[in-house]
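What follows is a short report on a single structure.
Each chain gets a letter, A, B, C and D, in the order it is written, and its residues are counted from 1.
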Amino acid sequence: MALMNIFEGLASLFFVLLFAPLFAGLVNKQKAMMTGRVGAPVWQPYYDLFKLFRKETIRAKSASFISGLSPAINFAAVIIAASMLPVCNAHPLISFKGDIILFAYILGTARFFQILAAMDIGSSFEGMGASREASFAIFVEPIFFFTLGSIAFITGFTSISDIYRSIAMDRMSYTVFIVVCSISFFILAVTECSRMPVDDPNTHLELTMIHEVMILDNSGQDLFFYQYSGNIKLLIYIVLETAFYYPLGAGLTAVGVTIFALNILFVSFVLAGVETVTSRFKLKDMPHYLLFAAAIGILNLLIFTFNK
Amino acid sequence: MFSLRDMFFISMLIQAASILAPVFIGGQRRASALAHITLVAGLITGFISSFLAVFFPMAHTVGTGFFGLPPEYFRFDPLALYFLCVVQAVAIPTAVFSYSYLEHYIGEGRSVKSLYVFFAGMLIATQMVVTINHAIVFLVFWEATSMSAYLGMIFEKEKKEVQKGSFYYFVMNHVVIFLLYIFFFILHRQTGSWLLSDFRVVTGNSGLTALLFLLALAAFGMKAGFMPFHFWLPRAHPIAPSTISAFLSGIIIKLGIYGLFRAFQILSPAPLWIGWLVLVVSMITAIFGVWYALAQHDIKKLLAYHSVENIGIIGIGMGIGFIGSAYANIPMQILGFGGALLHVLNHAVFKSLLFLGSGVINNNLGTRNIELMGGIVHKAGFFVFLFLTGSVAICGIPPLNGFVSEFIIFNSFFTAARELKEYYPLMMLVSAVGLAFVGGLAVACFTKINAIMFLGTQRGETKPFHVSAYDYISLGVLALLCVVIGFCPVPFINAVNNVVSGIVPQGGAELLNINWLYITVIFTLFSAVALAMYFISKAMRKKFGFRESDAWCCGYNRLGPRMQYTASSFADQINDIARAPLGYHKKGRAGEGIFPPSSGFESHSADLVDNRIIVPGYKKFISLMSAIRLPGNTDIRYYVAYILIMIIVYSVVGFLWH
Amino acid sequence: MAIIFSLTGLILASGAACWFVKDLKAQYFISLFAAGAHLLFSFALFTGICAPQLAFLSLDPLSRLFLIVVSNVYFWVVLVSYQYLKQSTAKGSGKKYYFIFLNVYLLANSAAILSNNFAMYWVVSEMTTLSVAPLIYYLRDEESLEAMWKYLFLVSVGIAAVFIGIIFLALSATGTVVEGKQLFFTDFIRHAALLNPVWLKASFIFIFVGMSTKIGIAPMHSADVDATSTSPGPIAALMSGSLRVTALVGLMRILQIVRGTSVYEFARFIMIIGGLLSIFTAFVFIFRVRNYKRLFAYSSVEHLGLIVLGVATGGLAFIGAMYHIVYNSINKVVIFFCAGSINQKYGTVDSEKVSSLLENMPWTGWIFMFSFLAISAVPPFGIFFSELKVFEGMLFSNRPWVLFAVLFFMLFIFINMGRVVLQMLYKKDENSKVVKERERVNITHAVSLILLVMLIALALFTPNVLKSTIIDIAKDFGAAS
Amino acid sequence: MENVLSILFCLSLLYLALTSRVKHCVNVLQAQGIILAVINTLPLFHHFTLGEIILPAALLGIKGVLIPFYIRKIITDLDIKDPIEPTIQQFTFIMLVITLMSAVFVASGILAKSTEINIIPFASGFSAIITGILVIIFRKKLLVHVMGFLAMENGIFLFGSAIAFKLPVIIELGMLLDIFVVVFLMGIALNKISTTLSGFEAAQLRRLKD
């Protein structure tokens, strides 16, 4: 049994590692199609990553060891986070009581080093990005706890996979609760993964970038790790988002896997759709947007708690 | 076979002997060396015994008294031993650091003997405070700790800010001692004994228990720096010499926590509302502590506010424990108190690391304003690495020790929600969100200071940066402790569990039941992956080429130090959210027109309690008091008239007296 | 018997010798010898080594304790006097009469403390005022003249009020066995229950108010503050450390009589009013005092107020107050020595003109600092322990609110005193007039250090004889538990 | 006889309150001193002892002769002007004194019921005390303060003689001596004050303040 669990976990991890760039490509492709372009092939992220891996690394003169350390730590953190994912309701590699906290915090570690690495250059562009990242990040963990954490507090389960397993859409109020949670979580995912309307991944103006500007001076393997971690992170959040709907039938059976895949596709579609129809918010308004997400979570929770 | 007590007393004697060195030896350097060697030897002696006692608990012999103090005046229960161990663990690196720190002053030609004497006195008195069992003697050593810290603090007394800051500390101590008087008097009256271990409150007297709890909270809370009593920390810490401020922040404010634990032992179970009070106050303390920190530019002031934050986190754990005790819920108490206790150790370790680091920076650059720093990483990479370790730890992010204690506190939230049901899940969720928010702000804050101080290039004039071997040793030991507790928490958890079972006698295995092996494995895995990736990319760089160039700046290629992002700008967006409570205000001038004049931006934060309540309140009070005039305070006729008046007044009183 | 007469003779002779011998140093040694002899005598008396029996002398624990307190203060003051006079630049005949009046002072004080008779107490008590007045006028300047006038006048009026009180006391004895006899304390105490309460009450009021001028209980404290703040350091120490103690004896005596009667509660009440008023006055005035000697004079008002409060509260507070008398007098001596030295060096009593003491006068500065800490009740100095007892006693008395008021006032007294003192110690030197020469250790520093050590030692290793004496006093006042 | 003298004493007090000339005050004091001496001599008519004549003699010597003489000397030496310089209207002052005096007499009458006291000397003495204090409070000249103080002391002596209470002669003498020394010192101080501060008014002693 334990061996089986480990196997499932490893498989999930590999799934995430393997398909992360594909998912990013998928979203981009859909986005392009929605805006009436042909767009790059869905495999494009793989090509990019492969190319980056083989490129010469150029670093700023003012960079220090942080610049070298940060991509590796980022990547490691993302991998640890990925191994806690209940992909398709499978048993994750890492699952223990309280791993929800570890999940939130290990991404914090990644963020910590990424911000540092951005500031490492001493350029004001990176500083801008880092500052924005830091200020949005303070809302990320609270929202995370308002969504996924609220379920944990209600059900008493503290492991991500257990939390998702406990979700059952048998009662109306609970279903509504879960749906609103998932919406809130979607906003979180958008923020965390620097997608529209928080951040425009395709912008070309340094002054308006957030995530992109932080890695402005990275190239070669450093950039490879950043990009790859970014892709993985996106998939992680998407999997967590879809996991709210596992009760619809996702599981380690043929049907279950199909449902899971459809789920993922659907979310990618929504993501692309949102990115197409919205424009980026003003940076000043961003905290309000995030607070809005938090407020949804709180309201939802209040309604749920007192509606018994 | 000698007992723990003997070891302790021997160590105290050795440490006390170290004070003799500066008194009897003329040369500053020789005196300093000898004194520090003796001090460290004494501390290590003590540490070995307390370490063994904490980590390998066994029955202790009752042992002997000390210096005329009878044996029952000392108390070596797990709580005392734990705090003793924490104190000594931090004191050793601080003492090592103190040596090179004093060297620096000796180099400047200052007399440092007094500083050493007060430093050593502070260490000794602190160790006594946590082991003393007699209320009056406790007060004596409590005050001795405070006073020696105060006297050390005024080392650079000619500076105005030193005078002000130390005075805050001075007054705060006086208030605390007044409150403690009353606290102990009442307990003494209740039991007729002065021994802390004998103190009891008659069960059922809830009014008295509440009163005592409030007194303890006010007194110990003020020492610890809970809001709104935190105002003295950001005033007092920046101005003290780094050895003092490291110890002050790492240990002395924990004496407040120690006192709260003792108070709880005496008064338990806590009333429910006390638990909630502690929890809410701690939450506010934690959030605003870190937020205020974010708005600071003075490195030591910033760290002082972080101490406030961490005291808040410790308080959150205690609050959960108190609530647990009100419900007689064992798991909550164990997790809450356990988290708080472990965080006491953790905070002591990383906060002293950071304060000592700030001392090194201050000595080298001669400023505490982080806006003037930058680029230190290119001069002292390893030093930055050590400081960074402390920063990661204090943010509570994996894989270092800060995470472990916060993890326990999060677990206590979950436990509370699970065990108590009702509206608790909601409340605990809010608490968890608050704690997460604190974590996010801490990340922002520490990325800010690390980035601004160390990375990029030096702002202002360039100075050589020298870190002595002693600095490396002391910082290294502390950083290592951060890593060890983070990666291998089990022995520490065992120790804490042992202490907690002293506070919660019913006992329980909640702390041990957390799967700590997972943490160890995951952290190892995490570091392994990170290292592997680091080396892979290194190898790839060799393979595919590597070069350095100027940073990208939209084609502009004369990026100067002044163009770097500043701390004010970095934190502006976050501070802007809470402008009112932070007293956050900025002055900015944007250049406009074709030939813009020079533009600038600065931001300041004014502590709400300090600047809105204490300073104006005190001023108002003074003017009010100055307005009171006894007529004719200078005229002899009035003097005589007072005699007549008082005779008449007293006669009237006497006439009306029944 | 013989020992007392010979001691009196010795002091008189010493005073007379000072009159005839013109050399200051010789006067100093003669007076020092007398002071030493007196200290030995009081010590012997205190420890019970010698116990003379004289009808008109009271040798109960109270007298013995107060005598050693006064004698102790006096001895150290004489010891440092020569050094002070040598450095003093006072003009006029101040130095000439200094030691003569000191000797008279000693005699008068000892007589006042040991007297067993109200009338005699009154006479010698007035004599202490008379002997100290010229000493206040030592500096021969306008301020000291004014202070001397005020002190002399006010205390004389006050002591006249005491006399009225004494007459009332005599009246209260009408129709009892005590009537017509000499005004012996012991008689009155023994037959206290027989006394007429109305007259006794009046008597207490008059004695309390009259004595307040000398003890420094508000609002009759002004002259005391004026005098203490303008007199030279050693004399200020003497006034703060011993003269007030002597005056306290009178109050204690009448309280001892009143204790056994129905007036006791009333007496306690007005003493509490007086004590609180004193602390309150110190609290109010300390907000604007810039003259540091005045500051400590107010501190004396505060502490004497606390002592009166402790005595009035009774029980543990009474015992605390007794300890407080001992510690406070020692502490005040050190403080006023320092203030005197500072005054000599800087030539000003304005605290804002004194700066960087720790640099300019490291010895005095540090001693000053520690004496300030001591008076602020920082352990291990004695005041801490005595205040602790007083506070505890107050908290569990029937008037716990007194404690809260006292703590509130004392906190702000501490804050304001701290502001001034620390500012003097630390503030960067802007006063270039001060001669920047390394301060050398002199006898004042040595004495101050000895006294500080004494202050700690007495607290940490309280001699049994002190303990038992205080317990005995408490028993006499019905305050022993 | 004692009562008659006491009433005389009271009248002298009224005059003290009424007069606006310093020299008259001295005269009043002298008269009071003599009255006191006479009152203290009265018991000797019944029962004469040599030892007890010392006290009246000393009273007469010190209060009746020495002190007035000394004060007069001060007045001439320092050239003190004659007006006493009151701070309130004389009329008000007199009313105040008379009111308080009546109050004292009434109070003494009440008190005498419970205790055996000689009302008139007692009340006169007490009146003197109050008048003395009032004189101090409401006069500017320092010398007049001294005289007020002396009136107080005189009152106390009268007061003391009103009760059946005998103190040892030595103590009574000590008191007299004390009073003399006080006055003597005050005289010296006044002398100094006139040279250093060039004035004799209480308002000039205002240097000591917070």
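Things to note:
Assume contacts are C-beta pairs under 8 Å (C-beta built on N, C-alpha and C of every residue); 3 or more make two chains touch, one makes a residue touch a chain.
What you see is a predicted model, and the numbers here were worked out from it, not measured in a lab.
Chains touching both subunit A and subunit C: B.
Centroid distances built from C-alpha atoms place D farthest away from subunit B. Nearest to the global CA centroid, when each chain is reduced to the mean of its CA atoms, is chain B. By number of C-beta pairs in contact, A-B leads when C-D and A-B are compared. Averaged Cα coordinates give subunit C a centre that lies 31 Å from the centre of subunit D.
Centroid to centroid, with C-alpha atoms defining each point, subunit A and subunit B lie 36 Å apart. Work out the mean CA point of subunit B and of subunit D, and you get 70 Å between them.
Subunit A and subunit D have Cα centroids separated by 101 Å. Contacts with at least two other chains are made by residues 149-150, 153, 157, 285, 288 of subunit C.
Residue positions of subunit A touching 2 or more other chains: none.
Multi-chain contact residues of subunit B (touching two or more other chains) are listed as 633, 636, 638, 640, 643.
Touching pairs of chains, sorted by label, consist of A-B, B-C, B-D, C-D.
Within the complex, the subunit B residues that touch subunit C are 68, 136, 139-140, 143-144, 147, 154, 157-158, 160, 162-163, 166-167, 170-171, 174-175, 177-178, 181-182, 185-186, 188-189, 621-622, 625-626, 628, 630, 633, 636, 638-640, 642-643, 645-647, 650-651, 653-654, 657.
For subunit C in complex with subunit D, the residues that touch the partner chain are 117, 119-120, 122-124, 126-127, 130, 133-134, 137, 141-143, 145-150, 152-153, 156-157, 160, 163-164, 167, 170-172, 174-175, 179-180, 182-183, 196, 198-199, 226, 229-230, 285, 288-291, 294. The touching residues of subunit B, when paired with subunit A in their complex, are 374-375, 377-378, 381, 384-385, 388, 392, 395-399, 403, 406-407, 410-411, 413-414, 417-418, 423, 425-426, 428-429, 432-433, 436-437, 439-441, 443-444, 446-448, 450-452, 454-457, 514-515, 518-519, 522, 525-527, 529-534, 536-538, 540-541, 544-554, 559, 561, 563-565, 569-574, 577.
Against subunit C, the residues of subunit D that register as touching in their complex are 111, 114-117, 129, 133, 136, 142, 145-146, 149, 152-153, 156, 159-160, 163-168, 171, 174-175, 178, 181-182, 185-186, 189, 192-193, 196-197, 205, 207-208, 210. Interface residues of subunit D, counted against subunit B in their complex, comprise 87, 130, 133, 136-139, 145, 202-203, 205-210.
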